[in-house]
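Paired with subunit B in one complex and with subunit C in the other, subunit A is shared by the two complexes that follow.
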Partner chain A sequence: MKRILSILAGAAVAVVPAMAAAQQQGVTADTIKIGAYGPITGPAAYIGLAGRDGMNLAIKEINAAGGINGRKITVVFEDDAHSPTRALAAVKKLVEQDQVFAIMSVAGSNATVGTIDYVRDKGAVMYVSIASAPPVTWPFARNLFRGGTTETARYGELYAEYLATNAKNKRIAIMHGREEYPRNEGDATVDKLKNWFQIDPVARVEFNINDKDFTSQLIQVQKANPDVIAFFGNPAEAAIAMRQARELGIKQPFFVGSNMVDPSLVTAARANAEGVTGFSLIPFLPGANSPEMKQWEANWRKEYPNAPAGRPNNFDLLAYGDMHVLAEGMRRAGKNLTTDSLIKGLEGIKDYRVGPVATPRTFSDKHHIGNLTLVPMQVKGGSWEPVQWQSKRQSDILSRYK
Partner chain B sequence: MTATLAFQLAIAGISVGSIYALVALAVVIPFKASGVLNFGQGEMVTAGAYIALVLTTLALPYAVVFLLVVLVGAIGGIVIERALIRPIIRAPEFTVVIATFAIGLLIKGAIQLRFGDSPAAIDGPFGMDPLLVAGLRFNPTSVWIFVCMLLVTFAVIAFFKYTRLGKAMRAVSINAEAARLMGIRVESVWRWAWGISTAIGAVAGLLVAPVIGVNPEIGTLILRGLVAAVIGGFTSVPGAIIGGLAVGLIETFSGVIVGSTFKNLVPFIILMLLLVFRPYGLFGVAVAKRV
Partner chain C sequence: MFSRQTIIAFIALVLLAALGLYVGTYTIYLLNLAMIAVIAAVGLNLLTGNSGQISLSHSSFMAIGAYVSALLSARYGVPFWAAIPTAAAVAALIGAALGFPASRLHGIYLALATLGFLQIVQIVIEEFADITGGVRGMRVPKPAWFGAMLLNEYEIFLVVAVSCVFAVWSATNILASSYGRDMNAVRLSPHAAQALGVAVARVKLGAFALSAVYAGVAGGLLAMVVGFIDPIEFGVSAALRQITYIVVGGMGSVAGSVIGAVVLSGLPEVLRPVREYSDVIYTGILLAFLLFMPHGLVSIWDAARLSLRRALARSFAK
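Showing the complex of A and B:
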């Protein structure tokens, strides 16, 4: 009798976690179904297509290595066309119709902000790889995590510190686009220059996306005689502005936002990009002359042999690295994979990265901003090269979470 | 504002205005011949830039690249007219306009699939080092664009005035059925109008690529091209050129006078004011109809 009871008790111990797992939406005995969304049509398709492909490459590697605690990852992907309403519809479908376990966002800020309230209410884990919009991680929500990108406020801290201390610039001119992202970068930089270093920009001018002429803005910048020009926008606009600046005899160096620390800026601006500095979200850029990056690119090209020019790009790498981080969180959650155990698994991650091609991610139960470390880079000899520089100031961002 | 600053702004305004003028011209020609407003013309400019990008990688001489861009652009327009526009030419005007919009999206989508969204660059025929003349700086490629724009304009004016096909286009634009009764092959006129306009669009892409780069968003120039065409009167070739230059100059000067935040709004404000007082633009005329 005793023997029978002990067998039954043992069986119960084995069965209960399995039952819990079976009850968890999107998790079966041998699969974990995740949902993902991003723009694969429209003007921001370069983000979503790359995010989707980078994520899928990571999933293929994870599954080939045996999956997560015996379960293989499957993914349902939805297009958001860079629209917040489309993104919300996509996430609702993933959660309610496809019954996914967790969500991976490889969308831009514009679309991701449309999903935040819904995901907060539903409680499913959403891991945001690319969007830097503050509402992802502030106010704090237990089920929302930010991976490779950091908050715009952190960009401002690093940009201001680098501009004011490394290059010892006192006269800083700012040119930025009028859309959400470059304007936020401009605002955050101005704020920290003022509050940390008591520096007011000597000129601040705006432009529109797809502008073809920057003469009037550059003349205002030229009149202010800055030490450096900080430019926040897109590579296509930066290339025109840099060419026109040189034509007008403006010799001051350019500093650019992190989205432009990308091979495409060098391709577009060519010789005018030489000497440009900026911060990268990843340690090496595609095309960099490092053995690890060459190996990663070879793996990527094997998977996507017919990809268009310009790929893989930074977003391939960000989503690739972040899918591995999400998988690591699921691995740490153990066999009994639930939303709660995944959150605890992710919050236990400290300085984790899949390899040298990714920056380390750290989460805690206080904050879910995975990456506060950006890498300063400069265009030298036609490619982006890391610059030896370390931030010496404590970030103000984490103080909010105490 | 100093004289040097004013001259420098004028150079910039004429440079960017020449680009708008070429796009406006490419919009006006098929409208003059067939009454179809081609919203896909911006993407023909994009296509021209990408054709030039591909041909440049083959290390062909600039003159050969130029001729091939004209040829491919013209053939593209003729094919589009024959395969996609002519079957629906008798549909309501709005339907045809939307069809041209869809054709533009198809061209853009195909370009994005093949080349991705990353920007690229090509060199101009005279290098990119600025010329310094009397303290003023000129981009040699911008000077080249201006010269080409003038040459294209004179060629188009001469074409409409002195050639049989040009006169036929003018006749078809006034009354297609009457022109048909006079023995003009209206379909042939439409075909050539599309071929010529898309060739001009493609040439515009080739010319502007060294200055504004190569990327799938070049087609957004159509908005400025349309404003230029409306200011000029929409059916006037010189009007399209003057409209384009005016938009470029207004944008550049207003950037300094009213600030960069509002500089893109000023051309539209001036357009609206102009239309209040001259509803047919600077060179357009009201069409009289017997009732």
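Showing the complex of A and C:
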């Protein structure tokens, strides 16, 4: 009798974890189904299409190398058309209809924020690659992680420190768009200039998305006689503003937000972009001369031979790097892959990156901000080149997570 | 005892309530969005399809409804059942205020004036970021009956369903009333209507206020269902989308508003499998509707109803 009982107990011990694994939504004996969403239609499609393609390239590499602990990754991608309403529909479909294990967001900030309450309630892991909106990481939620982009406040810290240390007379002018991302950058930079360096911008002017004329804003900036003009918007707007600035006789250098540290700015602004500085979320930009980047681009082009001009872009690289980070978290979770083990796996990641084309990611059980590293760059000879500069200040970002 | 419309409305509500019990929350969410689109389209059709006034600012009244109800809930803890009617009343007042100058305009000039109003609303939302969240948007608290007594997904669905059925029922009754006939008379010939004693300016102003009420309710419900609002959701694209609902569905017809809103708000979800080509296919379908069904999708419904009546008449004649 005792022997039968011990056999039954042994069988139960063996079966329970297997049952738990079998019950985990989106995970089978040989596959892990993940969901992803981003804008692949509408004006922000350049973000989502690149995010999707970069992510798919990483998944192909991971599966070719044997998958995650014997399981291959499959992905269901949904369009959010850059709308919070559509994004919530996409995520509900992924979770309830497609029954995915985890979600990857390659969406913009507002679309991602629109899904947060639902994802918090459902408890599935959502790994956010591109959106920089603060609610992703604060208040802290155990199942929400941010990868490639950093906190808006971190942009402010680095921009302010760089501008304050490089502007000879501490005269800084700020031009920013009225949309969410550039306004966040402008606010965060002004905040840190004031609180860390006691500098008030000599001018702060706004413009609208897709504006074609910046004359009135530039005249205000010119009157303030700054050492440097910090410009937060989109590459197309920056290119026009830089040309008009030179036409108005404004010779001061431009500093641009991280989304504009991209080959498209140099293509659009041409000679006017020479000397422009900014921070990059990735160590090398597509088109850079480093052998690692050339190899990565060759791999990308092999996968997408008919890609349009301007691709691959930074979003391809961010999503590519972040898919590898999510896969690393699943690998560390072990054979018994559950939401809980994935969270623990991701929280164990310290300075992990798939290769030299990505910045390192670090998570802990206190915070889920993967990246606080940005690389300063300058346009020299028609391409973005790294600048030798190190931040000397301790970031304030993590202090609230203690 | 009850009118035919009231009985149909009651049956529709019972069917919707039953449907909500058997589908998942993803489908419930899509049904909610479709019903909210119906409320907005019904209101716009009264203004444009019946009283003949082109409006490119209907989404702005949705924005007013969404932001007023969201702010009342978030800042003052007002329950949804008080916040949404209040928001609709505010939208109606602003709609009436816009109706004053708009009643002197028509055609392209009215379209431009309403487009200007849309831009003003967008700028106000963006510039008063401390209150509205600006371009970063605003998270909306979960709706509550009272205090901490929150609504679940099914209860939210029922609220939207009741609002939608009431919107359709009320619009049908308005059109059957003398005021509805006045609206159609103003559209067909303002001069003839005036000669017959219709107060044209008052009818136009009333139509603006009335359509704003529907849009305000739709906006308040959208904020409640999505839980997040931003100005882009109520921009010019949304205004144009609402116009396509009533044009494709059938101008001046409540049934057309319902059909157009349900078909066109659901089409992007149906087209998910074609991914980045969905915009092209959506536009193609839209063009096909306009080319081959110039009187709207409702013409199929009307034709089917006519055939049925003839068939019944023939069978009785035999």
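Simple rule for what comes next: the second predicted complex is superposed on the first by the 382 of 402 C-alpha atoms of A that agree within 3 Å, B and C clash if a C-alpha of one lies under 4 Å from a C-alpha of the other, contacts with A are read in each partner's own complex, and residues count from 1 in each chain.
Keep this in mind: contacts are C-beta pairs under 8 Å (C-beta built on N, C-alpha and C of every residue); 3 or more make two chains touch, one makes a residue touch a chain.
Keep in mind it's a predicted model, so treat the numbers as computed, not measured.
Q: Do subunit B and subunit C fit side by side on subunit A after the overlay, or clash?
A: Subunit B and subunit C fit side by side in the superposed model.
Q: Using the superposition on chain A described above, determine whether A:Ala89 touches subunit B (first), subunit C (second), both, or neither.
A: Once the two structures are laid over each other on A, A:Ala89 reaches subunit C alone.
Q: Of the partners subunit B and subunit C, which touch A:Glu303 in the superposed model: first, second, both, neither?
A: So A:Glu303 meets neither subunit B nor subunit C here.
Q: Mind working out whether A:Gln97 is in touch with subunit B, subunit C, both or neither, as first, second, both or neither?
A: A:Gln97: touches subunit C, not subunit B.
Q: Now for A:Asp200: first (subunit B), second (subunit C), both, or neither, which partner does it touch?
A: The answer is neither, since A:Asp200 touches no partner chain.
Q: What angle, in steps of 10 degrees, lies at subunit A between subunit B and subunit C when each chain is taken as its C-alpha centre?
A: Roughly 50 degrees separate the directions to subunit B and subunit C.
Q: Considering only the touch criterion stated at the top, classify A:Arg178 as touching first (subunit B), second (subunit C), both, or neither.
A: A:Arg178 sits against subunit B and subunit C alike.
Q: May I ask you to decide whether A:Ala45 touches subunit B, subunit C, both, or neither, giving the answer as first, second, both or neither?
A: It touches subunit B and subunit C both.
Q: Would you sort A:Glu247 into first (subunit B), second (subunit C), both or neither based on which partner it touches?
A: So A:Glu247 only meets subunit B here.
Q: Name the contact category of A:Ile219: first (subunit B only), second (subunit C only), both, or neither.
A: first
Q: What's the minimum Cα gap, in whole angstrom, linking subunit B and subunit C in the superposed view?
A: 6
Q: Across the two complexes, what residues of subunit A are contacted by subunit B and by subunit C?
A: 45, 178
Q: Mind listing the subunit A positions that touch subunit C in their complex?
A: Touching subunit C from subunit A are residues 40-42, 45, 49, 77-79, 81-86, 88-89, 92-93, 95-97, 109-110, 113-114, 117-118, 133, 135, 178-180, 183-184.
Q: Any idea which subunit C residues touch subunit A in the complex?
A: 24-26, 29-30, 33, 126, 129, 134-137, 139, 142, 222, 226-230, 232-233, 268-269, 272, 275-276, 278-279
Q: Flag every residue of subunit A that touches subunit B in the complex, lowest number first.
A: Within the complex, subunit A touches subunit B at residues 43, 45-46, 178, 205-208, 210-213, 215-217, 219-220, 235-236, 239-240, 243-244, 246-249, 263-264, 267-270, 307-311, 313.
Q: How about subunit B: which of its residues touch subunit A in the complex?
A: 5, 8-9, 12-13, 15-16, 19, 112-121, 128, 130, 137, 139, 208, 211-213, 215, 217, 220-221, 248, 251-256, 259-261, 263-264
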